[in-house]
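Both complexes shown next keep chain A, but they swap its partner, so chain B is in the first and chain C is in the second.
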Partner chain A sequence: MKPFTFTLRQEPPQRVDLSALTPDRLAGKSVAQIEAIELGVTRISTKVGDLFKVSEGDLKTVRFEGGSSRFDLLGAKLLPGFAIHVEGDVGAQCGRLAKGGRITVAGNAGPHAASGNLGAEIEIKGDVGEFLAGPLAGELAGMAGGRVIVRGKAGERAGDRLRRGILVIEGDAGEDLGARLIAGTILVLGEAKGRVGYLNKRGSIVLARGGCFGSTYVDCGAHELTFARLFARSLRDHSAPAADLLSRKLRRYGGDTAVFGKGEILTAD
Partner chain B sequence: MPDIIRNGVTIDDNFAEAFPMSGTGILITAPNAKWARQAALTMTGFATSVIGCGCEAGIDREVPPQETPDGRPGVRALLFAMSSKDAEKQLVNRLGQCVLTCPGSAVYSTVAGEFEIKVGDALRQFGDKWQMSKVVDDRRYWRVPVMDGEFFCEGKVGLTKKSVGGGNLLIMGADWDKTMRATEAAVSAIDGVADAIAPFPGGIVRSGSKVGSKYKGMSASTNDAYCPTLRGVTKSELDADIGCVLEIVIDGLTDNAVREAMRAGLHAIIEMGPEQGAKRVGAGNYGGKLGPFHYHLKELLP
Partner chain C sequence: METATLDGKAIALGDAYKHAAKILSGAAFPLVAGLGADVAGARAAILLAERLKGAFDHLASRETLADIDVKRSFGMFTTTANEARLRGDCVVLIGPGLTRAWPGMLERLALAEPPRRGAQAQQPRKVIWVGPEGDEANAVPGAKVIPASVQELSGVLAAWRARFGGRPVALGAEKVALIDGLVETLRNARFGVFVWSASTLDPLAIEMMQALVIELNATTRFTGVHIGGRSGASGVTQAAGWMTGFPPRTGFGRGYPEHDPWRFESSRLVDSGEADAALWISAFDGEKPSWSRADIPLITLAPAHTSPSRGLFIKVGQPGVTHDAVLMSQETGGMTLRKASAPTDAPSVAQAIGAIMAEVSEGAWR
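Take a look at the complex of A and B:
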């Protein structure tokens, strides 16, 4: 069956909140009702009908033909079993607090993508902004489950306060990758710029290219790790280069000893 | 009882009586097949009968690297006990003493049961707070630092109460060599059946028991009706041509696994014939009133 499709008519005149357009929240509504949903976040009204041509289809998959960097909160609180695909860019907080399901974005994503993700599989084919999978201001933990794969680059502070789940960045990562990491796993296949794993408690950061991690990370030698082989198998279909990285012998740097010191940075060298 | 004869082997018109058990299974992997097998052998040692060992355990099959979660050679071991509590205690103890200690090993759940046993969630404490948890595809694993690297163990292992224990075949032959030849053929056929094990030494038990004893406090004693040396002096089940009886006991994760294992064993014995192997095959039961699972030999014939 055809997916439920929103075809973009024009660039939104303001930032829009797309959290209402997830399959469970669209269920049981007629096209007319959906077109009347208010998306604007200012006093000026922007309704679904103003932006999109709506074509009904199977609500298991919602498809956006055309994207915009003003598309905020796309797929927020998505439930398991559903999927959203965007043929274009998205704005801030894509997949925010998603419980499960699958979100694919063909273009770039803005800041706070996968923020607080609880179990969704999120794939961004382009680049992402800062605070990938991170918490919003005032929140104690970032992403707590699921898998996020970024084919391009990630902005600063990717994986901030990550608690659980897997983050794969196939391109470069900005400064302060994995800062305040609680647990979980981050893989970077490009270059990780500047400081890495600042105040990491017990998370794992796997880097294709090593570097100097400062005096609070301590070299623990190169090892064949069984867990990495399991991760490699699990990631093989989603990111072959990440699986290759995990299949290699990895040098373990224990840290950040400025805090717990139970975490690690693993590098292939 | 009217006897059934197949390929010269007499098949008793009798049935094996089996009981519900709590069953669980794990996959042990290691850097090579030798050490995966060693871990499984050690873990399933002293696990022939629930009467004295607390559980019955054995190796189900070797798993090639392509099929294991971490791509290393593996061995699947099954463990059965009379209650889920016993199964949990035995599995955790055996993993802690036999698998955690075995070089290179890692443990994964291979049974999707109605219940779960906390395995890694218990053994992780060996890590003395250096252990790390990892969740992959919604399953939690523990990395416990040990002297050869890391012991990797799944947090929970499935347990099913739909397991069956006590499927059996009594293999009777002219002498020890012939009976053993037929019994070994049956055991290797049973090895090929998934989800079933024969927990006794090499899959074979020579000291079949009956319920009760002349001694006070003993719940089981030698099955004198099947002892060839007592043929003349007791109410024997054996004819003059039988000089040796061996038994195979089978536990399986499902009713069907036990049935298929018995079928495979029986076929192997019949195929060998009485000249090389066994003259007669029987099965043990308690009159059919104790165990809910009955496996009639005549229904398993080729």
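Take a look at the complex of A and C:
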């Protein structure tokens, strides 16, 4: 059966909150009811019907034909078993607090993508903004589960306070990658600019290219890690270059010793 | 000097208020930015943003939010400058330009004098300055200067914390011995104080320093004095806090306050076209907006000398200079009344906004 589809009619005049357009929240509503859902976050009203042509289909998969960098909170609190695909860009906080399921974005994503993700699989074909998988202002922890694959570049502070789960960035990462990591794993296949892993508690950062990580990362030598090879096998279907990186001999830097020194940065030797 | 101009041409003050109200009421998402004002001005501006269902931001909110981010997502020990002066037996100044961010710092902290209270009373005060600029540190005789660039500050703090916990660092034995000596000084302090300004220290470095403070507090007393941002940032943040529950970069688009440091950042709102009219307030020094778009309908409230050639300009008085003003005082860490030093009859920010607000009727837009 064809997916439930929202076809974009026009670029929204203001930012819109798409958190209401997840399968569980659309279930049981008629097209007329859906078209009347308010998406606007300013004093200008923007309803679903103003922005999209709605075509009914199987709610297991919701499809957006056309995106916008103003689409905030797409797939927020998504439940396991459902999928959302966007043929275009999304705005801030895509996949925020998603409990499971699958989100694919063909274009770019804004800041705080996968923020607070609890178990969803999120794939961004383009670039993402700052604070990928990071906590919102004032929150104590970032992403706590799931897998996020970014085919393009990531902005500053990617993986901030990551608590659990896997982040793969196939392009470059901005400044302060993996800052305040609590745990979890980040892989970067491009270049990681500036400071890396500042205040890292016990997370793992795997980099295709080495660098200088400051005085609080201590060289522990190059290793053939058995776990990394197992991990590589599980990642093969999702990101082949990440799997290749993990299969190589890796040099381990233990740190951030300012915190506990239980975290690590692994670089291809 | 005209009291109000429209695209550089003088107009009557009453017409200026009406015109301002028309611009703001007609916008889809108006922005109240700059917010360089005293507490009364900030209150009026935030009320206006609420009535217009717009957003507000302060011109130094990047610095303010750096400190607040650490406070709300990690924790922060702070004290007042007076407490640091009376009890601080070990004062660590971090970063360059602290005396620029707070011109009265050296006088208030009296670093050359010994502390007057506490276990180390009348003993010489130990002063350490990491990465001062130029000869800034010469003003404190006996201060131990540790040279470091702004980029190196976070690494220096990390190395201190690692050695304080007895963990290894990737540095030569000579440098490690120096750091260990310094860490010993911190450990032996009876009332230690870090002094910093978020204009030169990023939020992660502040978090590193505060984590060190927490660890030091297991065996001794250590705390911090942070230097607030320019243009009344601390007072405006307090006012925003008690009015909305949030610091600046808060919007009222849905009728209730929502705080998002990314979404309601003033330059982004203007440059992305989401904000389609702006009220820019900079009553202290007439600082210009940081956004790059010049086509947004703009109302500027600033002192006389800054009259812009574009948009609507309304001259306002300077808080504490031409008007009595309640401001957050860096010296005492509380709100204080600054008496006007050279009173004039120009309207204050609060009066100007009150006059604009009187022309904005509730729910009249669109």
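Rule of thumb we're sticking to: the second predicted complex is superposed on the first by the 269 of 269 C-alpha atoms of A that agree within 3 Å, B and C clash if a C-alpha of one lies under 4 Å from a C-alpha of the other, contacts with A are read in each partner's own complex, and residues count from 1 in each chain.
We adopt the following convention: a residue touches a chain if its C-beta (ideal position, glycine included) is under 8 Å from a C-beta of that chain, and two chains touch if they have at least 3 such contacts.
None of the values given here were measured: they were computed from a predicted structure.
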Does the chain A-based superposition show chain B and chain C clashing or fitting? fit
Touching partner for A:A183 - first (chain B), second (chain C), both, neither: first
Partner chain(s) touched by A:M1 [first = chain B, second = chain C, both, neither]: neither
Should A:S204 be classified as contacting the first partner (chain B), the second (chain C), both, or neither? first
Between chain B (first) and chain C (second), which, if any, makes contact with A:F231: first, second, both or neither? first
Given the overlay on chain A, how many degrees, to the nearest 10, lie between chain B and chain C at the CA centre of chain A? 130
Check whether A:A32 is in contact with chain B, with chain C, with both or with neither, and answer first, second, both or neither. neither
Of the two partners chain B and chain C, more of chain A gets touched by chain C
Examine A:D256 and indicate which partner it touches, taking first as chain B and second as chain C; both and neither are also allowed. second
In whole Å, how close do chain B and chain C get at the C-alpha level once superposed? 14
Report, in rising order, the residues of chain A that make contact with chain B in one complex and with chain C in the other. none
Of all residues in chain A, which touch chain C in the complex? 13-15, 40-44, 70, 72, 92, 111-112, 130-131, 135-140, 161, 176, 179-180, 195, 198-199, 214-219, 256-261
Using the touch definition up top, name the residues of chain C that touch chain A in the complex. 28-29, 53, 65, 69, 72-73, 154-155, 157-159, 161-162, 165, 167-171, 204, 207-208, 211, 251, 253-254, 258-263, 274, 365-366
Chain B partner contacts - residues on chain A that touch it in the complex: 119, 145, 164-166, 183, 185, 202, 204, 223-227, 229-234, 262, 264
If we count contacts the way the header does, which residues on chain B are in touch with chain A in the complex? 29, 31, 69-72, 106, 129-130, 132-138, 141, 143, 149-150, 152
